[in-house]
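One structure below.
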Amino acid sequence: MIKVGIIGSTGYAGQELVRILLGHKEADIRWYGSRSYAGEAYADVFRNMFQLVPDLCKGENLEKLCEEVDVIFTATPQGLCSTLVSEEILSKVKIIDLSADFRIKDVDTYEKWYGIQHGSPQFIGEAVYGLCEVNREKIRKARLVANPGCYPTCSFLSIYPLARAGIIDMKSVIIDAKSGTSGAGRGAKTANLFCEVNESIKAYGVATHRHTPEIEEQLSYASGQETVINFTPHLVPMNRGILVTAYANLVRDVTEEEMRALYEEAYDGEQFVRLLPAGVCPETRWVEGSNYTDVNIKKDERTGRVLMLGAMDNLVKGAAGQAVQNMNLMFGLPENTGLMMPPVFP
Amino acid sequence: MIKVGIIGSTGYAGQELVRILLGHKEADIRWYGSRSYAGEAYADVFRNMFQLVPDLCKGENLEKLCEEVDVIFTATPQGLCSTLVSEEILSKVKIIDLSADFRIKDVDTYEKWYGIQHGSPQFIGEAVYGLCEVNREKIRKARLVANPGCYPTCSFLSIYPLARAGIIDMKSVIIDAKSGTSGAGRGAKTANLFCEVNESIKAYGVATHRHTPEIEEQLSYASGQETVINFTPHLVPMNRGILVTAYANLVRDVTEEEMRALYEEAYDGEQFVRLLPAGVCPETRWVEGSNYTDVNIKKDERTGRVLMLGAMDNLVKGAAGQAVQNMNLMFGLPENTGLMMPPVFP
Amino acid sequence: MIKVGIIGSTGYAGQELVRILLGHKEADIRWYGSRSYAGEAYADVFRNMFQLVPDLCKGENLEKLCEEVDVIFTATPQGLCSTLVSEEILSKVKIIDLSADFRIKDVDTYEKWYGIQHGSPQFIGEAVYGLCEVNREKIRKARLVANPGCYPTCSFLSIYPLARAGIIDMKSVIIDAKSGTSGAGRGAKTANLFCEVNESIKAYGVATHRHTPEIEEQLSYASGQETVINFTPHLVPMNRGILVTAYANLVRDVTEEEMRALYEEAYDGEQFVRLLPAGVCPETRWVEGSNYTDVNIKKDERTGRVLMLGAMDNLVKGAAGQAVQNMNLMFGLPENTGLMMPPVFP
Amino acid sequence: MIKVGIIGSTGYAGQELVRILLGHKEADIRWYGSRSYAGEAYADVFRNMFQLVPDLCKGENLEKLCEEVDVIFTATPQGLCSTLVSEEILSKVKIIDLSADFRIKDVDTYEKWYGIQHGSPQFIGEAVYGLCEVNREKIRKARLVANPGCYPTCSFLSIYPLARAGIIDMKSVIIDAKSGTSGAGRGAKTANLFCEVNESIKAYGVATHRHTPEIEEQLSYASGQETVINFTPHLVPMNRGILVTAYANLVRDVTEEEMRALYEEAYDGEQFVRLLPAGVCPETRWVEGSNYTDVNIKKDERTGRVLMLGAMDNLVKGAAGQAVQNMNLMFGLPENTGLMMPPVFP
């Protein structure tokens, strides 16, 4: 039984970790960390957990925590994990960081886009980018995993096979993404009130969203080419779900069938990436509550572009589910342990 | 391994049965019945099941079906199950009927409220009303279970302890209920289009809803008194969930604490009914996707009434989850097998 | 041209006042008051008003304000208006108070339910309860109008004809009400975030909601009997709209047709109360954005009760629209000036 | 007073025409046409119109209709208007066609994308594309106006100033659009049920949507260059609103300020197009219920692209509002008559 600690268990991603881990037969949550709710019953914060979680929320005593657990999930704001981690801690526990602190290899890029100084750049090199479908073997051996961002996961999985094959112009990539509102977090902000989000859609972070360099870096690795993209996220009046609509110019003549074959090859044996039948568009309703990412492509003969589409639950494969998938790998468990829940519809 | 057939697997309740049974380690769905989609891939109807369900939908050949399975769920419109069932069929398979055909013991009442002739009144006596918390022992031995309606389940569990204790005037009971739109089914009707339901709330079936006599009958059994109620359902712009707000006059002086004790006693050991802490109102968001019913009461000293509140997922405890709970009992399995999924939030 | 000042113009009700008054040919808003946004452009707070409202928000200098305008709307939290009002101010401007400060004639009742001391009890007697359909003549002459609460308006208009006729037992009245989320205000609270409200319904303020004594008082006046009710509000995942489902015991035998005649009589000539055809239930979608209240009744022969239903836009007839209706009366304008907008659907 | 007939008055766009025209002091609706509801009271179809519209729905007797009215709006499926129109009819009434029949000048393009034969190609040349901001003078003199599509209106207004200025590569234009569900019409289809649309987002008509050639044609006129675009619409769980996020490569170095100046110039004096302040993204909530289109741009220095964003109410400026704007021009009225309603929020 893996003993688990969660720092930031009272955010939406933290709570989703709890939901998933309660159904994970090899994991036992020992520490429900929460700066805001320390001392309160976890089930008073999230009443869905009434009679399921008897624990109180605890503070952030990392020294104590790392004595009591085997793995720590940090579902916290940017900058926190990098200031907490140390060689001593990493010698005792594994860390899966759901923040962006260790996702970007170039410190300058991180500091520029996030506007904060990195707290422990010495661990960036060691940290493994936890996209299981790509870095599976490295994750198995990692002490510190940087759990990918929600938009980057969905964007990357949608584009990866064509990027890797050198078929698309990596400077022509445009990613137009749409997210449910849980991605905005549980902080009490006027902009996220029901009446402000409901019955509306907007773009935000246009040309400045922090997930941009993360996507670019991963696509650069995959393609072997410098990648500069437009990434535009939008806020959609729904709780969960990310949809990615990506566009790229084809660099050589290739049929849709040939491109589909690249997806089949890239995701052969991958349980959590589903290439939909030709002509079927991904929809977020079909992945809600599950760890699946549904992808598909469409070649536009008129424009010479390919559209790459992906749908994902931002809280599962985009956060907590992928984090558990990483934990499974790090502890030698079957990768899908605790992650077999079918999507919930409607 | 229990071999399962589902008639009506392409409605919302049928699909929820599939979702739940896919995670049930002792059940194997052998027959995805659907009048509308026979011959089509199940995963083409519900794409959340892509790569999870490879089967095609089949028609309603009950003779063939009852040779191949151990239990049949009928998630079909009123009147179908009662015309299909026969002694021969019941000698071969168990039936859990999610329609109303066998819920009401009085045929005249059934025929009056439903406006159809009952197809097999000879089985009404045998059929067990499948509210596990009340009829557990009878369900264990049943061949034919009438799975309770969604509103009746939530209404009954909210009121039962006080009805049983004789504390409320059974002719004063008023049930004001609110349901998500999945309760209206998947038929293509203008009234259920997104733009018609969204941003609105309405009452429907006022003083005429068919769940009224079912609730009255069960409350009569529980209280030993004739029960005549007002039951008013409302349509709420959300996918899932039922909230019951029930009112009754107290027939004698009793404190809220004494009433809470009656709930604690009635639901002692019941995993799927959660009496919330005093003062905490049930909310549908806290039970979504799970088999829980959350209940609570509030005494109004000013009016001498008690309010009884309950929240439930209409597709789980109100339909598919309770049906699986019944199946577990009928096959001697632990009652919660396959039903331990925590509520999904947000 | 009536010169208008609004205190609290940056709440939802305040903004709705602005929307309505922009289309009112006899009104001119001179003062956009806002404690939170003083000094900011109004159109930066509500971008729907971009290029429509060039003004900056101003603070709460009432001495200055009452020199510049003819009427002040106070769309502010409870307790503010009663501390601001004075004989001097009332000698200069008319006041329409959208808060609860002057709605309840009994100071003790006000102070008990609202938990604050009343700031100017000497004006309670003078203040006119601004339900135009009932107090029209008094409103015409008033200096100070207490604009009714949203729930009380919809509840009262639904019940009034039967209460007045002495046909229902005023101690049997139960009001089960449902409101859109704009009724919760624009304050940044976790409980009102999109993900917390969406896909859920809950009761709140059970047996304690502050609109209870206001409804009781008005129904007492109408019926001439002491009225003690159960009032239970619910939060619905939609922006606007209130639905009232009220229940009462009939004190004598009366047909539904006779009761409908009472509604027709009570609302004869009333433009903003629409008695729907027999059998048609009010729905909030059909009144959204308008000043209408749709009402209807249903007699339940089985229980001897009558159901009284009403639907209204909480921000219009439940707040800003009714306030403008009051203003029209106070200034001798046709009562429907600026209020003729049809409901917006979908 | 302009006498108005509406064919297709019981669709969402038709009903919005009714809502707007009820507040238009120079228009009088004489004919509520509806194939589906002929003979029924209009207010029974749309109960928001109860007591506002006493008329019954009528059939499609165009010969009779054109004797009784001055202008006919056809809010009907593709192909209908072109089969109804004739020289005789046009000699008696003006026609504003909300379908696509006369929007595209090239018959082959129309027939290819719409898959139907054009019913009266002889009128295509005469028909004026009713985008008032561009074709105002022609509209004034027109007998037959092709009211632009919803997506084309929002797309064109967002891109027009840069296209006209020759600043963007017209073969690089990518339009990623998002629409509320009223755009899908009021037909009873499973895919548009509440539970299917709610809590989900999807792309549809990828690389094949019929608005593509309409947008291309208009942008070609504006730019003087052949324009081939990617246009991808998405379905959003909200009633109203379209958001356009468009991308294009800049063909020469130009600052964001210079581009903003082009918008200011292009829309100088245009009441219904609002260029938002720099850095402010359009959101559909700020235009709901109104005839405004909000636009803005953002230059991405990193990629050398410009993003052009626009928000609009698909039923108003995208359909009925623009149609009334056209009517006003055709009848010599002030262009904004009946269209001054501020956006409704929330």
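Letters are used for the chains, namely A, B, C and D, taken in the order the chains are written, and counting of residues starts over at 1 for each.
As a convention for this text, contacts are C-beta pairs under 8 Å (C-beta built on N, C-alpha and C of every residue); 3 or more make two chains touch, one makes a residue touch a chain.
What you are looking at is a predicted structure, and each value in this text was computed from that prediction instead of being measured.
K.L.:
Could you compare the number of C-beta pairs in contact for C-D with that for A-D and name the larger?
P.N.:
More C-beta contacts join the chains of A-D.
K.L.:
Distance between chain A and chain C based on Cα centroids, please, to the nearest Å.
P.N.:
Distance between chain centres: 46 Å.
K.L.:
Using CA atom averages as chain centres, what separation in Å is found between chain C and chain D?
P.N.:
36
K.L.:
If you average the Cα atoms of chain A and of chain D to get two centres, how far apart are those centres in Å?
P.N.:
38
K.L.:
Scan chain B for residues touching two or more other chains and write them down.
P.N.:
Each of 12, 182, 195-196, 198-199, 237-240, 283, 285, 288, 346 in chain B touches at least two other chains.
K.L.:
Draw the chains as points, connect those that touch, then say whether the picture is a line, ring, star, complete or other.
P.N.:
complete
K.L.:
Quick one: which bits of chain B touch chain A in the complex? Just the residue numbers, please.
P.N.:
12, 15, 18-19, 22-23, 46-52, 182, 199, 239-240, 274, 276, 280, 283, 285-290, 294, 340-346
K.L.:
Taking the complex as given, what residues does chain D use to touch chain A?
P.N.:
171, 174, 176, 178, 180, 195-196, 198-204, 206-207, 228-230, 232, 234, 236-241, 243, 245, 247, 281-285, 288, 298-300, 302-303, 305, 307, 309, 311, 346
K.L.:
Tell me, which parts of chain A touch chain C in their complex?
P.N.:
Its residues touching chain C are 12, 181-182, 186-190, 192-199, 237-239.
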